[in-house]
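See the structures that follow.
Look for chain A in each of the two complexes below; its partner is chain B in the first and chain C in the second.
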Partner chain A sequence: MKKWGKAVSFIMAASLVVASLTACSGSGETTADTTAAGETSAAAGTETFLIGGIGPLTGSAASYGISVEQGAWVAIDEINAAGGVKVGDTTYMLDMVFEDDEATEDKAIQAYNTVMDEGAQVIMGAVTSGACIAITPLTLQDGILQITPSGSAEACIANDNAFRICFSDPEQGRAMADYAIDSLGYTKIAVLYNNSDEYSTGLQTAFEEEVKAKGGEIVASESFGADDVDFNTQLSSIRSTDAEVIYVPAYYQAATYISNQAKEMGMEIPFIGSDGWDGVLGTVTDASTVEGAIFSSPFCASVDDERVQNFVKAYGEANDGAVPDQFAADAYDTVYTIKAAMEQAGSIESEDMIAAMTEITVNGLTGDAITFDASGAAEKDVRFVEIVDGAYQYREE
Partner chain B sequence: MNKTSAGKTPAKYGKIVLNILITLAVYAVMMVVIQGGMLSRQMTSIIIPCCINVMLAVSLCLLVGYLGELTLGHAGFMSIGAYAGALLTNYLDMPPVAELLIGMLAGGIIASVFAVVIGLPVLRLKGDYLAIVTLGFGEIIRSVINSLEFTGGAKGLSGIGTYATYKNFTFVYIFVILTILLIANLVHSRHGRAITAVRDNYIAAEAIGIHVGRFKTMAFVISAFFAGLAGVIYAHNVGILKPANFDYNKSIEILVMVVLGGMGNIKGSIIAAIILTLLPEVLRSAADYRMLLYSIVLIAMMLFNNSRFKLAIVEKRNLKKAAEIQKEGE
Partner chain C sequence: MSLITGILEQLINGLRTGSIYALIAIGYTMVYGIAKMINFAHGDIIMVGAYSLYVFTAILELPAAAAVILTVAVCAALGIVVERIAYKPLRNAPSLAVLITAIGVSYFLQNTALLIFKATPIPFGSIINISGIRLGNINISGVTLVTFVATAVMMVGLTLFVNKTRAGSAMRAVSEDRGAASLMGINVNKTISMTFAIGSALAAVAGILYICQYQSLQPTLGALPGIKAFVAAVLGGIGNIPGAMLGGLLLGIIESLSRAYISTQLADAIVYGVLVIVLLVRPSGLLGKQKTEKV
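Our next item is the complex of A and B:
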C-alpha cells in the first residue's frame, strides 16, 4: 500500500506543476509572440540586436525586476512595430534576454555571464543597486555598454561604460530639500526614515545635508526598521517639536502606516516623500490621510498625459491589465536610450555607443529631455507629484 | 567509515590512494576546461560559488551531522569572515595572493573568536533551543553590520578586489581540499569519536570522561573557522558585500545541503552542495518555472534519499563490503 501512496503523491506533484504551468502561460505567451515577431522580421533581411536584461524575477525584490522586464518589452514591441532601428544601411530589430539575479550579487554575476553567453550586445541592468555594482567590473572588462534603469547607488555608474536612467538617491534627496525650502517655504523639517534600507538612508543623508546647507533646520530625525508597522513613538517625538513638515523617504507600505497613525494622533503636519510613495493611494484605507502629500517622482501612471496613458494602455494589454510603476517606465526609457545611442553612433559596437551616450537627448516617460553627462548620470527635471482629492497630480513649477 | 580495526589494512591504503587520485583528477579536469575555454561563461562563473558552498556545507556538516546540534547561524560566521577579510584586504597593499592569504587567515580567526564568545554560553542549550539562539545570533550579526559605519551599513561594502575568481581556481581549490581533509580527519580521529559520542548519548559520553562542553565548543569553533574562510573567498569572488545576503535564508540554504547530503556524511554534503549550486543555473532555461522546478527537484531528492529503493541499494553495498572484509580476514 505504501508504494501506491508514493505513486499517488508523485502524480499529485506532477499535476501541481502542470496546473501552475497552465496558470502562468498568459504572460509566457506574450514573450513568445514578441520573439517570434523579431525572428520573422529578421528573416526578411534585417538583423537582430540583442539586449541583455538582468534583474530579480524571484525573491523579495521580484516585483521590480518583473516591472523592468515588462516595461522594456513594451518599448521593444513599439520600436519593432515601427520598423526597428536604422543604423546606416541595416535595420535592426530589437530582442531581449532577461535573466534572474534574485537581487543578489553572486547571482547577478552568473546572470550577466548567462546573457553574455546568449550573445547580448548591450546590458540593461542590473535592477537593484548591489547586483548592479557587482557586475560593473565585468562589463568594464568586456567593454560593453551598461545602462541601469534603476540602480540608484552612486557606485553603479563609477565606470565609463555605465549609465543610469533614474536619479541617484543623493540627487533625489537634494532635489526634495531644495524644493521643500525654496518652493514650499518650509524651514523646520522632521525626517522619518528606514535605517535598514540603503535607499532610505541615502535619501535621508543627502536631504538633511542639503537642508542644513540651505539654512533650514532638521528638528527631528527619527528612524524605523524594516517591516515596522507601529510608528507612534517616532510620531510622538516629532509632534513634540515645532516641525512644519515631515519628510518620509520610504516605500509606500511604510508611508501608509505612518500617514494613518499621524491622522489618528490628530497631527496636522503635512508630508513630503520620495518616489517610493508611488502606489500609496492603493494601500491607504482613507485617502484623506495622505491628502496634500507631495513626493518626488519621475513617473506616475495616473497623470493625464497622452504618452504616459499610451504606455499604461500598452503595458496593461500585454500584462493582464497591470499598471506600470516607475521601474517599468525607467526600463521603457532605457530601451529608447539604447535606440538613440545606436542611431547617434551609427554603429552597434559598444565602444561607439558609449561615446554617443553623452551626445543624445531622449524624450522619455521619466523626463522630457533626458541627457547623460560623462559620469553616466542622467540629467532631467525632477518632477513632484501632489495628492489632490485622492488622486495623483504633477505639481506645476 | 565504521572500520574499527587498528592499524592500516591494505584496503585502507587503497582508499587513501583513491581519494588522492580523485582529488588530482578533479583538479586536472577543471584546469583543462578552464584553461581550454571549454565551458560557457555561465558555467565558469559558477565554479567558485560551488567551491564556497562545498566549504560551507562540509563545515556545517561537522556541527549538524557529527555533533548533532542544529544551528541556524552559519551565515553569521560566514559574514564575519567575509567582512573581516574584505576590510583587511581593502586596507592592505600587497600582491593579491598574499593579501588573500592574510585576509583568509584573519577572517577565519575572527569568525572562530566569535564562535568561542557565543559558543560558551550558547552550547549549554540543546536541540530546538540552540537552533533558535543561533538563528538569533545570525540576525544580530546582520543588524550590527547593517548599522556600523566602517562596514558600509545597508549600502554594503564595495570595491573589494575580485582575487578569488575562476582564474585563481588553484588557490581556492587548495582551500576546499584542506577544509575537507581537515574535517574528515578530525571526524575520524579520537576527538571526532568524542564528538560523535556526545551526539549519540551525551550522558554516557560524560560518564566515560568526555568533557562535553569542551568538545562542543571545539566543533563549533572549527566549523566557524571554515565558514569564515568561505566567507572571505565569497567576498573576493563577488567584490561587494551586503548584510542582507547573510540572513537566515542563507543559513538554511547551507543546512539544506547538509541535510540533503545525509546527516554526518561529508561526501554527501559535497555532492549536495555542488548539485544545489548548479541546479538553479542549469534550470535557467526554464525561465519562470525555475524556482518551482528547483523546489520540486529538492522534494524528489529528499523522497529518494528516504525511499526503500535507496535503502536497498545501500544495504546491497554494505553486504558486499562485509563479504569482502570477511574474505580478507580469511
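Our next item is the complex of A and C:
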C-alpha cells in the first residue's frame, strides 16, 4: 500500500507540473504584457534604457544574429562613452539584453517574453524575417517600439509600431534596375537567380518588373537550385542572347561559381548583383573573374570611408579582429535610430517614440540620411559597390 | 548565335558533367558487381580526393603531377582501408546491414572533413592551366578538354584491364560466382580489395576534375555527384561497366539539354523520370543482363 501511495503522489505531482506548464503557455502573452508595463514605469526612475535584442545566436543563421549583437554593442558603447542619451533633464545610459531565437518562430516568441521580463523598453529584432513576423503581433499588443535591423520581408513592418533599417528585397531589386538602366545605360539584361530562395526570387521579380516598366528588355531569365554548382548551361543560354549585362541576385558562393564559369567559357558580359555579393572576393580564386562587377549594398567594410573604418576598427577590437558585415552595420544604425527617436520624442515611452520615428533623420553606416515613412520602411539611398582592382569601392555618382 | 551552335555547346556541357558522373558511376558499379553492395560512401571519396589535392598543392606546395599521383594513391588506399574495416566483417551479413554501414562511413568521412577543414567553403585555384580552344563559335575550356581526355583514357584503360589481364579475369570471375571463383584458386579478398582500390582511384580522378572545374571545396561536395552517379549506374545497368559509362554520359547530356531547352526547375525531375521509364521497360538497366528468376 505504501508503494501505491508513492506512485499516486508522484502522478499527482506530475500532473500538477503539467497543468501549471499548460497554464503558463496559455497566459504567456498577458504575463509579458503586465511585466512590460510594470518595468517601463519602474525604469523611468533609473537612468538605464534597456534594448531587447532578439536574433539567432546558434543554429544555421547564427552568424547573422551574432553580427547584430556585436554591431549593436559597438554603438551602445560609443553612445555611453559620449555621455549617453539626454531626454529632457534625464540622461540615459543604454544597455541591452540579447536573446537567442535560433531563427525559428516559437523560439522568437520565447525570446521576446524573456527580454520583456527583463524589462526591455524597445525591441531590436528579430534578425530574420520569419522570426520577426512571429513576434509582430506581440509587440503590437504590448505597444512597444520594434525596429528590425535586417528582416527584409514585407510583413515584418505591417504594424504601426514596427520599423526596419534594411531595404526590403523588392526595394533593392527595383533600385538596381533603375541604376542599371539610368546610370549604367543598359537596356538588354539577362537575369540568373536562385528559384529556391525567397531572397533571390524577391529581388528577381521586382528587378524584372522595374526593367520592363523603364522600357528595358529582359532577354533571358534563367534560374538555378539551392545547391547547384554548375551554371554552364544557363550561361550558355544567356550567351546565345544579346544580353549586355547579367543580373545575379544571389549569395556570394553562387556568384563565385557563376563568375568563374563565365570567364572560363570566354564570356565577357559584365555582372551586376545584390548585397549577397558582399564577401565574393573571399571565395573567388581569381579576382579578375569578378573585376568590374557592381552590386547594390547598404554597407561594405572595406571601402575607404572614415566612419566605416572607425566602425570596423571598434568592431574588430571588441571581437578579436572580426570584420563587420551588413548585419552588424544595420544593428549599429538601429541603436542610433533608437537614440534619435528618444531625443526627438523627449520621452522614453514607446508611444511617443513611435510617433517620433517618422520625424527623425539618422546619419548611419548604411545610409547618409535615413528617414522612416509611416509604413515603417527606411528611406535611404541605395549604395552601389564596384569591384575595382580586386577591391570593393563605393561607386560615386 | 545559331540554334545548332547552342545545342552543340549544351552537348559539350552535358558531356563534361557526364564524364565526371561516368567516372564515379564506374566505382559504384564495380563494387556492386563484385561485392554485391551499394557503397554509399563512394561519393565522399570524391570529396577526400578534392581535399587531398588541396592539401598537396596549396599547403604542401608539391608540383601538380606529384599531387595528382599522391591524391589517387590516398584515395585508393582509403578505399582498401574502408573495405577492410567496415565492409569485410559484414561479408556474410544481410545486405541491409552493409547498406547502413556504408551510409555510416559516408557520414564519418564527411564529418571528419568538417572537423579538419570546417564548413566554410575553401577557394581552390585549378591546377589545370591549359588555355581553351575555339571551334568556330564554340569555346571549349582547358578543363573541359582535360576532362574529356582523362575520362577517355580511364575508360579505355579500365576496359583493357578488365578484359585482357589475369587480375581482370579474376574480377569478372568473382563477380559471376564468388564461391566458384574461390574454388578455382582466386583470392577473393584480394580481388575485392583491388576493386575498391580501382573504384576509389577513379573517384579520386573525378574529384580532381570536379575541383578544377568548380574551384571550391566543402565537406559535402561529394554528396550530389555521388547520388547522380548512382542514378547513372542504375540507368546503365548496375554491375555493368560499359553501362555505367553510358549511363553517366547520357545523364549529363539529358540534364544539360533539359535545363537549357525545357526548364531548369524540371531538369532533375526529367532525369529521374527517364530513370523510372528505363527501369519500367528494362528493369536491369540499359546494358544490364536480363535475368529470369526461376521460381
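Please note the rule applied: the second predicted complex is superposed on the first by the 351 of 397 C-alpha atoms of A that agree within 3 Å, B and C clash if a C-alpha of one lies under 4 Å from a C-alpha of the other, contacts with A are read in each partner's own complex, and residues count from 1 in each chain.
Note that a contact is a pair of C-beta atoms (placed from the backbone, for glycine too) under 8 Å apart; a residue touches a chain by one contact, two chains touch by 3 or more.
Keep in mind the model is a prediction, meaning the values are calculated, not measured.
Trainee: In the superposed arrangement, which partner chain does A:D106 touch: chain B (first), chain C (second), both, or neither?
Mentor: After superposition on chain A, A:D106 lies in contact with chain B alone.
Trainee: Of the two partner chains, chain B (first) and chain C (second), which one does A:G130 touch, if any: first, second, both, or neither?
Mentor: first
Trainee: Using the superposition described at the top, determine whether chain B or chain C touches more residues of chain A.
Mentor: On the superposition, B touches more of the residues of chain A.
Trainee: Quick one: is A:T283 in contact with chain B, with chain C, with both, or with neither? Answer first, second, both or neither.
Mentor: second
Trainee: Give one of first, second, both or neither to describe whether A:S183 is in contact with chain B, with chain C, with both, or with none.
Mentor: neither
Trainee: A:R239 contacts which: chain B (first), chain C (second), both, neither?
Mentor: A:R239 contacts chain C only, not chain B.
Trainee: Taking the superposition as given, does A:Q253 touch the first partner, chain B, the second, chain C, both, or neither?
Mentor: The second partner, chain C, only.
Trainee: In the superposed arrangement, which partner chain does A:N195 touch: chain B (first), chain C (second), both, or neither?
Mentor: Once the two structures are laid over each other on A, A:N195 reaches both partners.
Trainee: Which residues form the common part of the chain A surface touched by chain B and by chain C?
Mentor: In chain A, positions 195 sit in both the chain B and chain C interfaces.
Trainee: Of all residues in chain A, which touch chain C in the complex?
Mentor: Against chain C, the touching part of chain A is residues 195, 222-225, 227, 229-230, 232-234, 236-237, 239-240, 253, 256-257, 260, 264-266, 282-286.
Trainee: If we count contacts the way the header does, which residues on chain B are in touch with chain A in the complex?
Mentor: Against chain A, chain B makes touches at 40-42, 44-46, 49, 143, 146-147, 153-156, 158-159, 162, 234, 237-242, 244-245, 280-281, 284, 287-293, 296, 299-300, 303, 307.
Trainee: For the complex, give me every residue of chain A touching chain B.
Mentor: 6, 9, 13, 17, 20-21, 24, 27-28, 57-58, 99-100, 104-107, 109-110, 113-114, 116-117, 129-130, 133-134, 137, 153, 155, 195-198, 201-202
Trainee: Quick one: in the complex, what on chain C touches chain A?
Mentor: 1, 5-6, 9-10, 13, 16-17, 121, 123-126, 132, 134, 139, 141, 143, 213-216, 221, 224, 256, 259-260, 264-265, 268
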